[in-house]
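As written, the chain order gives the labels A, B, C, D, E, F, G, H, I and J, with residue 1 at the start of each chain.
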Amino acid sequence: MNDEKTALGQKILKIKKTKNLTWTEIAAKLGHAPVWVCAACMGQMSMTPETAEKTAALFGLDDEEAALLAQAPYRGSLPTAVPTDPLIYRFYELVSVYGTTWKEMIHEEFGDGIMSAIDFDMTMERQPDQKGDRVKLTMSGKFLPYKRY
Amino acid sequence: MNDEKTALGQKILKIKKTKNLTWTEIAAKLGHAPVWVCAACMGQMSMTPETAEKTAALFGLDDEEAALLAQAPYRGSLPTAVPTDPLIYRFYELVSVYGTTWKEMIHEEFGDGIMSAIDFDMTMERQPDQKGDRVKLTMSGKFLPYKRY
Amino acid sequence: MNDEKTALGQKILKIKKTKNLTWTEIAAKLGHAPVWVCAACMGQMSMTPETAEKTAALFGLDDEEAALLAQAPYRGSLPTAVPTDPLIYRFYELVSVYGTTWKEMIHEEFGDGIMSAIDFDMTMERQPDQKGDRVKLTMSGKFLPYKRY
Amino acid sequence: MNDEKTALGQKILKIKKTKNLTWTEIAAKLGHAPVWVCAACMGQMSMTPETAEKTAALFGLDDEEAALLAQAPYRGSLPTAVPTDPLIYRFYELVSVYGTTWKEMIHEEFGDGIMSAIDFDMTMERQPDQKGDRVKLTMSGKFLPYKRY
Amino acid sequence: MNDEKTALGQKILKIKKTKNLTWTEIAAKLGHAPVWVCAACMGQMSMTPETAEKTAALFGLDDEEAALLAQAPYRGSLPTAVPTDPLIYRFYELVSVYGTTWKEMIHEEFGDGIMSAIDFDMTMERQPDQKGDRVKLTMSGKFLPYKRY
Amino acid sequence: MNDEKTALGQKILKIKKTKNLTWTEIAAKLGHAPVWVCAACMGQMSMTPETAEKTAALFGLDDEEAALLAQAPYRGSLPTAVPTDPLIYRFYELVSVYGTTWKEMIHEEFGDGIMSAIDFDMTMERQPDQKGDRVKLTMSGKFLPYKRY
Amino acid sequence: MNDEKTALGQKILKIKKTKNLTWTEIAAKLGHAPVWVCAACMGQMSMTPETAEKTAALFGLDDEEAALLAQAPYRGSLPTAVPTDPLIYRFYELVSVYGTTWKEMIHEEFGDGIMSAIDFDMTMERQPDQKGDRVKLTMSGKFLPYKRY
Amino acid sequence: MNDEKTALGQKILKIKKTKNLTWTEIAAKLGHAPVWVCAACMGQMSMTPETAEKTAALFGLDDEEAALLAQAPYRGSLPTAVPTDPLIYRFYELVSVYGTTWKEMIHEEFGDGIMSAIDFDMTMERQPDQKGDRVKLTMSGKFLPYKRY
Amino acid sequence: MNDEKTALGQKILKIKKTKNLTWTEIAAKLGHAPVWVCAACMGQMSMTPETAEKTAALFGLDDEEAALLAQAPYRGSLPTAVPTDPLIYRFYELVSVYGTTWKEMIHEEFGDGIMSAIDFDMTMERQPDQKGDRVKLTMSGKFLPYKRY
Amino acid sequence: MNDEKTALGQKILKIKKTKNLTWTEIAAKLGHAPVWVCAACMGQMSMTPETAEKTAALFGLDDEEAALLAQAPYRGSLPTAVPTDPLIYRFYELVSVYGTTWKEMIHEEFGDGIMSAIDFDMTMERQPDQKGDRVKLTMSGKFLPYKRY
């Protein structure tokens, strides 16, 4: 269902490479965070019409493609429930290994509820380290308490 | 296979509640980060014998239980491949939605490789916010480039 | 993981039957909605300590059981991903048949985002009807817009 | 098997956008409820030939497409048994969390049987709320008692 | 969840064998059809309290067991989604082979809708045949038209 | 593997509609039962060359299509192991709910063995009923005793 | 469901070892083929009461165990749909590799139908061979033509 | 991955039908056993270049097709892990029912090891029988003892 | 099915720890390779009665336990088809990533066939390395050519 | 997602055959190990731009294809979670049978951690043997200790 958006994402990746742009540069031009901009281009977030137009201008896309960028996607970017790609699998592994830990610690601090994956933002940065640089991910999601009605 | 360690985790949770301890307090006494200490108590990390002894002393555990804390676990804390608990599912959802984005951005910055889930650490904190406090997770994993041999 | 809470739910169901109580009556005594009270007793919601105590008093439960009622559950009440029980399956069928319709209509009205299943409440009532009474379910969940960051 | 109906649904969505119509407006012209009309256009319900003709006229569809709208679909709108899209997943989560609660409460009120998903109707509306508007879903399904023969 | 009812079913099967009873005889005493009586004893249907009492008397069961017979079951009698037992698999095979045929023929005759599995009854009989006796199953389910609302 | 036969089935359904034929009429012309004729046209049974020719003549099919009707299919008409279409799912549900009942009753009557799904026939008819007409399915399969060798 | 029969099978295996018996010897005493006798002892076939008694006498089993041997099992001896044990997996592999070949060849020789797995027998023997002895399996199943009704 | 070989197999089946050949006749011309020849044509075995050429000559295939016949296939001929086609399913059923029996008997006779599915051959023949002809399959696989190193 | 052997393996691990033995030391006493000895103790290989006796003597096991060590196991040591433990998952990942490479290279070198996992042996050693020691695994399996019969 | 790289791999295989090259020869020209070169050509590893250019020159590929060889792949070369191809399945079987053994032995030698599948290399060679040549695989992966933070 999301095939059109995914295909557009592949097209954008190629143009991005040709134009020799980075997500940081693209994000700066669009006035958004790099992770969100990348996710939107990959077809997993929807842009406002204004941002979609700017993006289309940047990559030389037509109106239909701009409209596609603004459309709410059928989310889910992976072909299998357990991802096979090692980079992505490591994140799945973190869920598997730390799942009950996150649950215990969030409940201790906030009570019964969840961390929102919708009212959510994230940054990714390079963390220089003598023993080898590190990937640093910072996630922030609103705590949503379970309503007791 | 990890049933003994999981059961010990449940026991620790009850003692922790009785003793009215927080993970931050426990972690401070053990000289480790709260997330790691919680994960180790939940049965997903192995302690050094020294840390295991300290933990046993803190919770009033016997020698066999201390040894169990030091044993390498058969990791994986969830009963199903796609987690049913909403708090944990939201993390799975992040993998599903952001998987290809993480891949694209890490490759742009670091080249072909992965973020290690082994040489990895994490903090969790409360992020005060007028519109509702937020859960802030900071993950740091060593970038491991694919060896070209 | 939720076995203790589920078992307590079964015990409550038996006492409820012996005491000849309805969920409406129980809910009135606890000051909550019947659906939520039932879900909490079935082990899928957590009560405040006060509500848990009242519930324990009502059903003659001990302190440990009261504490269990107040504990955040590992949610998920079904033994299989696709439920086999026909009553429950019909709801799964609604998701399968109406899923894309809900998506289309909520996006039209609210834009890109979701209906919260956390900041959520529900009522269930009998709707008298000459051709056979009907089950009326009213669900209300806060709309959460996807954050564009 | 339902590919033709789904593709037609995608086509209708595009025309609807061009014509700047809402489901409420479309439903009013067809004399049906918005949810049902949307579901029928998405390819999950079948129209009477008369409604199909009106719909075809409204969207400028040809006879074959009108016939398709009147055809009984192979129902099921989702590509996976557990939906990946967060909006739709939240409904799946409700089934997982509230499944046994619905069962308990319907049996208490009506005895052994089910809520029909066939003799069923539904409305969806915006529920204004200071803390953020809410999605309100009202479902009504005929209670069907298990025949004891 | 249905373990108690299933275990009771196994107990009944043993008593039935000891008492040398047939389902036809049991059914006659209870005033119901043999298939339904067997399904209820196997834990897949719920009896009225009166029938449950009669059944308990017939098999020498106690009050708690009688109550269990009257309880609505969490239905689903098979340990796997695709049954391994050859007798039961053949029925699964019929669904797989004839599924689209049933759909086509019921829609031709009745329009869009389903055959109810709730307002449903069934008989099973031996059909003498020179080339080998046959199993004759007669199923009757109310046609339920999809509501167009 | 069966794609060609399924596609031919879809073509036949369209011609049947144009010609305004019923399965009963088609079956009468071919000298077979309606259920079998429908199943064969849907691509799940193989016709004799003679019947295939007659069918081809009736629907205006060419020689290659006639040959296809006579070819033994790779059987299985459903895209998923658990069917999503509600009409077909109800039959799957019957297998799930009545599976152990059928097993118990056939073994009581016939001993250890199965009901054949190969030496099998079936009729489907409308059963008029004041409370709503019913679908009546009569299945007959040869009992096959397990060989003790 | 078959747990009792499987456990009895394990018990028989131990007695068989103690008594130093072979399946050929056991089969000879019971007047049946070794493969069938082994399958019946493993809990996958049902014996006649006479054979069950003889078997019970041979292994020193009590009456209840003899009755169990005569009971029709819920068949399926493997814990997973795709077997993990290499010896058994090789047979699964043969089905996967030769499945379409068997289908093609049986249809060529016999027409549309199947090889019965019920009216079926099998022998297993050692085939001496200089390059290493071979396992020789001979299977014989009645051809069952698809009924055209 | 094996799509080209499977498609070639379908082409060969059509030519075989046109030329009115049997697998026995084809096998005789190629100097191999019919089962193996059929499996190779279906795309599950690889021919030597010489046999591939002979086969190409027999069926009028070009050089690229001959090369394809000689290529080692990505084996596995079935679209699902549990086959839906009844003829093939019966073999799966034999694995499920007899799996533990084969294991027990091969271990008794040969010790710990397996029957090779690689150093393996098979014949299929019609076994005339008054009560209905039978399919006779004879399989022979080298016993491979587990190496104790 | 293998539960007894797995439990014995856990017992051996505890004794091994108490006795402060390494697999290399144990293997030397038994006259076998460490990997094989470890696998046999973990319940995945069968010992000869002589080795089983020696092992029993070494660990202070009784006769029944010695017999268990000599019994052919129902192989498969993992609770899920895709392993969750990161150490074991990495090997699964190698199969997923290198599967087609191994196939291509073995076929180039040896022709169509497989590497035996039965006539197979393996060593594991520490490979000192300035940048961090490495795990070195050497596997050797007999090439088995596909028989062309 | 990796379809383009996989298709390119198939193209390279054909050219390789035409040019009559071996992986050893190709690897020598590229200055890398044969296993890695093969994996990169099969689309599972990414080349540096320089190596990609050399490879393109060797096989007569265009610039876009060279760029594709340098692109990081969405890894995972197999169509199913449990591979059906026997050559590849044997490696899956080794994971299933030896998984817990590897875990035990690596933990004994190195402590809690894993063998990297990223900082990893491998060779494959023919091991001449009188009883039949063997496939020898040597794997070397950096040991990564679990960080205790």
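Following the convention adopted for this analysis, a contact is a pair of C-beta atoms (placed from the backbone, for glycine too) under 8 Å apart; a residue touches a chain by one contact, two chains touch by 3 or more.
Since this is a predicted model, take the numbers as computed values, not measurements.
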| item | value |
| --- | --- |
| Interface copy of C-F among G-I, E-G or B-D, judged by whether over half of the contact pairs recur | B-D |
| Selected pair, greater C-beta contact count between E-H and H-I | H-I |
| Whole-Å gap separating chain D and chain E, where each centre is the average of the chain's CA atoms | 31 |
| Mean-CA-position distance for chain H and chain D (Å) | 48 |
| Mean-CA-position distance for chain I and chain B (Å) | 30 |
| Multi-chain contact residues (two or more partners), chain E | 1, 74-76, 78, 81-82, 84-86, 93, 96-97, 100, 103, 107, 113-114, 116-118, 120, 144 |
| Pairwise chain contacts under the document criterion | A-B, A-C, A-D, A-I, A-J, B-C, B-D, B-I, B-J, C-D, C-E, C-F, D-E, D-F, E-F, E-G, E-H, F-G, F-H, G-H, G-I, G-J, H-I, H-J, I-J |
| Touching residues (chain side chain A, partner chain B) in the complex | 9, 13, 22-23, 34-35, 38-39, 42, 44, 75-78, 81-83, 85-88, 90-110, 113-117, 120, 122, 124, 126-127, 129, 131-144 |
| Residue ranges of chain G in contact with chain E within the complex | 1, 67, 73-76, 78, 81, 117-118 |
| Contacting residues of chain D [partner chain A, same complex] | 79-80, 82, 84-86 |
| Residue ranges of chain H touching chain I (in the complex, touch as defined) | 1, 32-33, 36, 45-48, 51, 72, 74, 100, 103, 107, 111-114, 116, 118-121, 144-149 |
| Touching residues (chain side chain F, partner chain C) in the complex | 82, 84, 86, 89, 93, 96-97 |
